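Here the chain labels run A, B, C and D in written order, and each chain numbers its own residues starting at 1.
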């Protein structure tokens, strides 16, 4: 299967629209995916990500717009002629066929000679470490094994594009992480263009070359994981992708190329943000700061840092870090802070009730 | 094809399927529609095409005493046979669906056997047998006879539904502390309700249309509608027969509408909504 | 068939292997009391009336006379063919009901069940009118120039199949639909993505997964067809002579209850053998 | 019916002229207009005269004969309306009582021809006769005699409909016995008759009807032009709207089909009184006018058009009912093997 003629194709959606009755599932959407790229469609359920994937697959028709795979307009091409591979959320393994038969299905459909099918199937079964299960029925496999079969089945035909619909959703956390590495490794080896639908931001962050965040049928932001994480384009993206502290502020004045901000409800505290076109005195802006970008100190830090005072109200140990919630006078929502765990529980831990300053460098914040 | 206004292309396969569905239901309804039309004919004899319409055959139907009294009796028998079939059939279906016994198929085969018995033979055999038991020509005899042929439908449909539903819900209920009967009453029974309903409808329909068994037990108090219809049409054939047939269908339709109202007809095919 | 599922569970071979069958007792006892015993009683009576030698003769007659063997074969053939026609005609309807009805489902199910509620005599009568030489179907076809002389459907066995299929196909549709309901639509989509045309996806995935429904429907249709005679009597101009029809003759014309019982027993035995084989076959397939 | 024997015993004890003890008897009737005339002309006068009640069961003779045979000691039926073939079964199996003028005084008014075929176990109460019904627009010159009719089928003069083997009480007499009689063949020599039928069938101009109403459907739908049928049914159909239908008895005459009445053995003796009322002139006149069939009380006078339509019992041919019932299994078997395939 890992042929030298491995091909991958760019995918392009041009103004694709879909409505179901009165409900607009997808507003005109345009997206270009490079050959070999791994793109995740991320968003809450009902955001249109699954509809998008199904339109690429040809399982759903479009009301308007066109879908291109390679240099071909496939808008009206039926799914079986699009040269795709797909892993379904529940794997959709054929319950009446053995592992080997499941994997061979796609090759049979392409009318490959029997002997060659056997070779190909044997090779990919070996690759996903399922050789001893070739004759088992899917119902007798574990979740992870079923997932591998589904992956093998979708890859054995050497598809130009691989579609993954929540491929890890049914796996437990440990298995999920293992499978993520495996998937990424296989994808990189084959170089197959891959589109994955997920609502799991960690999965999207760790696997993708690019993440497309969607909500209510709209494409909100598309970009590299780091870029999206660090610079969310709007409130929804910042909240949906990882944890985020959103601090509502009012612009009180301008100081050179910086705006002077006053956090709502906190008298006497001043924050600063880089000037941006469109920011004027008297306007409301939101600062988004990731919890791991915030540090704590007993003493007030110097003015090069953005800092707010508060009291630690809760503590949760997260393994690699401690999470604290810091309540500030006059503000309802506490600030969430992740602090790297040191390995010494006693030394690393701060006491609930301590007065602290939460502070961060202004590079670590985004103005929404 | 590059139009940004591209519309969904007509799906030829689906169109063909829809055309076929229409044709199929036309086939299904055709002979019934013919009968319904004839019931409104003004002629004493059936000619095609119909020229004049009237309600005189419905009037005749109402005036002919045995039609109405046998219709009432037929309905009683249908309900009684369905209830009796449910009482003894549901436990059998549940047991067969979950039994690990290697005799399950043999028992199932046995329980479905009445389906393929020519009923005229069963009817006459039952007449002599029940007369020997002292039941003779009686209402109970009719109900027992009908239950024999209704039972397979209940067992078949309930077993099919029960097999499809997993064990986990019952196991969950057991873990939550439900006793055997509580599990049966609160979990199992609601799960197979669709099957019982579908089976009961089948059973009642079979009973309402049963001639060969009712035939041998028909007396002044135990005449079912098909027996009276047969006796009527052996001697004359006017559209009053079509009228009573139409009425019978309407009653059944009302029954179906009640089912639709209560639980939804989709349960008949086990559809989940 | 779905009954087979119970056998994928680990078997505990204890006692007589009857575990779990206790619930069938009321039904089994009922059928022994009101189905088996009356028939046995009837058979014994027929022996006593005619002398047992004569009764044995009935069986000999049935199995040695080529005419009766032909009738037995025809009975099974008519049932088999009707069952196949019902599968072919009914499957697309079941598929449509499950996959393509939004809201119209209840109405179509209603239309499907409604014919079952009209008396069999009347439905047959409806066909007599519709299929007649000067009936509406023949006339329309003549008017449209599709045929150049009136159809003689009523004189041919074709009309028997019209009648039988019309009565039995709803049972098939309902049986298939209730199983098809549980087949995950995504399996068909997976097959499409893997390069199968819709036809092949249906053939390789949907159809095999709905065999349980086909088998259930076939059992009901086959057995009902095996036992029915009214349609054979009233349609087809007497051209389709089956065992139930001969049984009817023995009662109505000849008054020979003994020979009727003999034929009834043979018919029942054949039907049960077919049913048991069907159940076994499906169990052997082991999936479902 | 168990209470009835008790009632019977009581009424015997209280015997002398006691009309105070009302009794319920069970009688049978064919369905439809026949049953309504039966209630009006027979049941009503009986109930008025005796104060008893007669319950009417609608149905078919084979059903009743089996019900009586299953309960011979305590039959669910007291008075049995029957057809000739099942009447013969009831007589052979000893299910009915012999009928005499002592029990049924009005029997004196019934010609012996109506009781003889029943060997004294009952009497004919009304009768019809088989002839040919045809559509006047399609058969301008109907054949004058039976043999010409059968030959006309083979010659292709018309498409004819005949009763199929499964139509009890019509096929054995009006068709088969008729052919045996016309061809002068003994009843147990079936070959010639079956050959004739096969020849008719092979001509392609023959269809069969399998119930009485199918005949009328066939004639109207054009499936057939002419066929063997019963007089009363044919006239009712003509009067009911099939204007083009006509009916006649070909030479050498129609074939009789009688309805008979029998008193069930071990049934209530009140049955004799019922039969006596039924055979009275007024009851019989009432019945014949309601249903259009000739009846058996010789004093009855028919109005027009009935008078010109009904045949005299002397003009119709009486089939050999006893002989037929003996050869019936053979006839059915031979039919199935030859005509029926």
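A few comments on the model shown:
We adopt the following convention: a contact is a pair of C-beta atoms (placed from the backbone, for glycine too) under 8 Å apart; a residue touches a chain by one contact, two chains touch by 3 or more.
All figures in this text were calculated on a predicted structure; none of them were measured in a lab.
Set against one another, C-D and B-C show the most C-beta pairs in contact at B-C.
When each chain is reduced to the average of its Cα atoms, A sits farthest from chain B.
Centroids built from CA atoms put chain D at 36 Å from chain B. Work out the mean CA point of chain A and of chain D, and you get 89 Å between them. Chain centres here are Cα means. That of chain B falls 16 Å from that of chain C. Annotation for chain B: residues touching 2 or more other chains are 46, 48, 124, 128, 132, 230, 233. Multi-chain contact residues of chain A (touching two or more other chains): none found. Chain C has residues 125, 129, 132, 134-135, 198, 248, 251 in contact with two or more other chains. Per the touch definition, chain B reaches chain C in the complex via residues 13-14, 17-18, 20-21, 24-25, 27-35, 38, 46, 48-49, 87-89, 91-92, 94-122, 124-126, 128-130, 132, 144-145, 147-148, 151, 155-156, 159-161, 163-164, 198, 201-202, 205, 208-209, 211, 225-226, 229-230, 233, 241-242, 245, 248-249, 252-253, 256, 260, 264-266, 268-272.
Interface residues of chain B facing chain D in the complex, by the touch rule stated above, are 43-48, 64, 66, 124, 127-128, 131-132, 136-137, 215-220, 223, 227-228, 230-238. Of all the residues in chain A, the ones that touch chain C in their complex are 57-59, 78-86, 88-90, 92-96, 105-106, 109-110, 137, 153-154, 157, 163.
For chain C in complex with chain B, the touching residues are 2-3, 5-7, 9-12, 17-28, 30-31, 34-35, 37-39, 41-42, 45, 89, 92-98, 100, 105-106, 108-127, 129-130, 132, 134-136, 166, 169-170, 174-175, 177-179, 181-182, 198, 212, 216, 219-220, 222-224, 226-227, 229-230, 243-244, 247-248, 251, 257, 260-261, 264, 267-268, 271-272, 275-276, 279-280, 283. Interface of chain C with chain D (complex): residues 67, 125, 128-129, 132-135, 150, 154-155, 233-234, 237-239, 241, 245-246, 248-249, 251-256.
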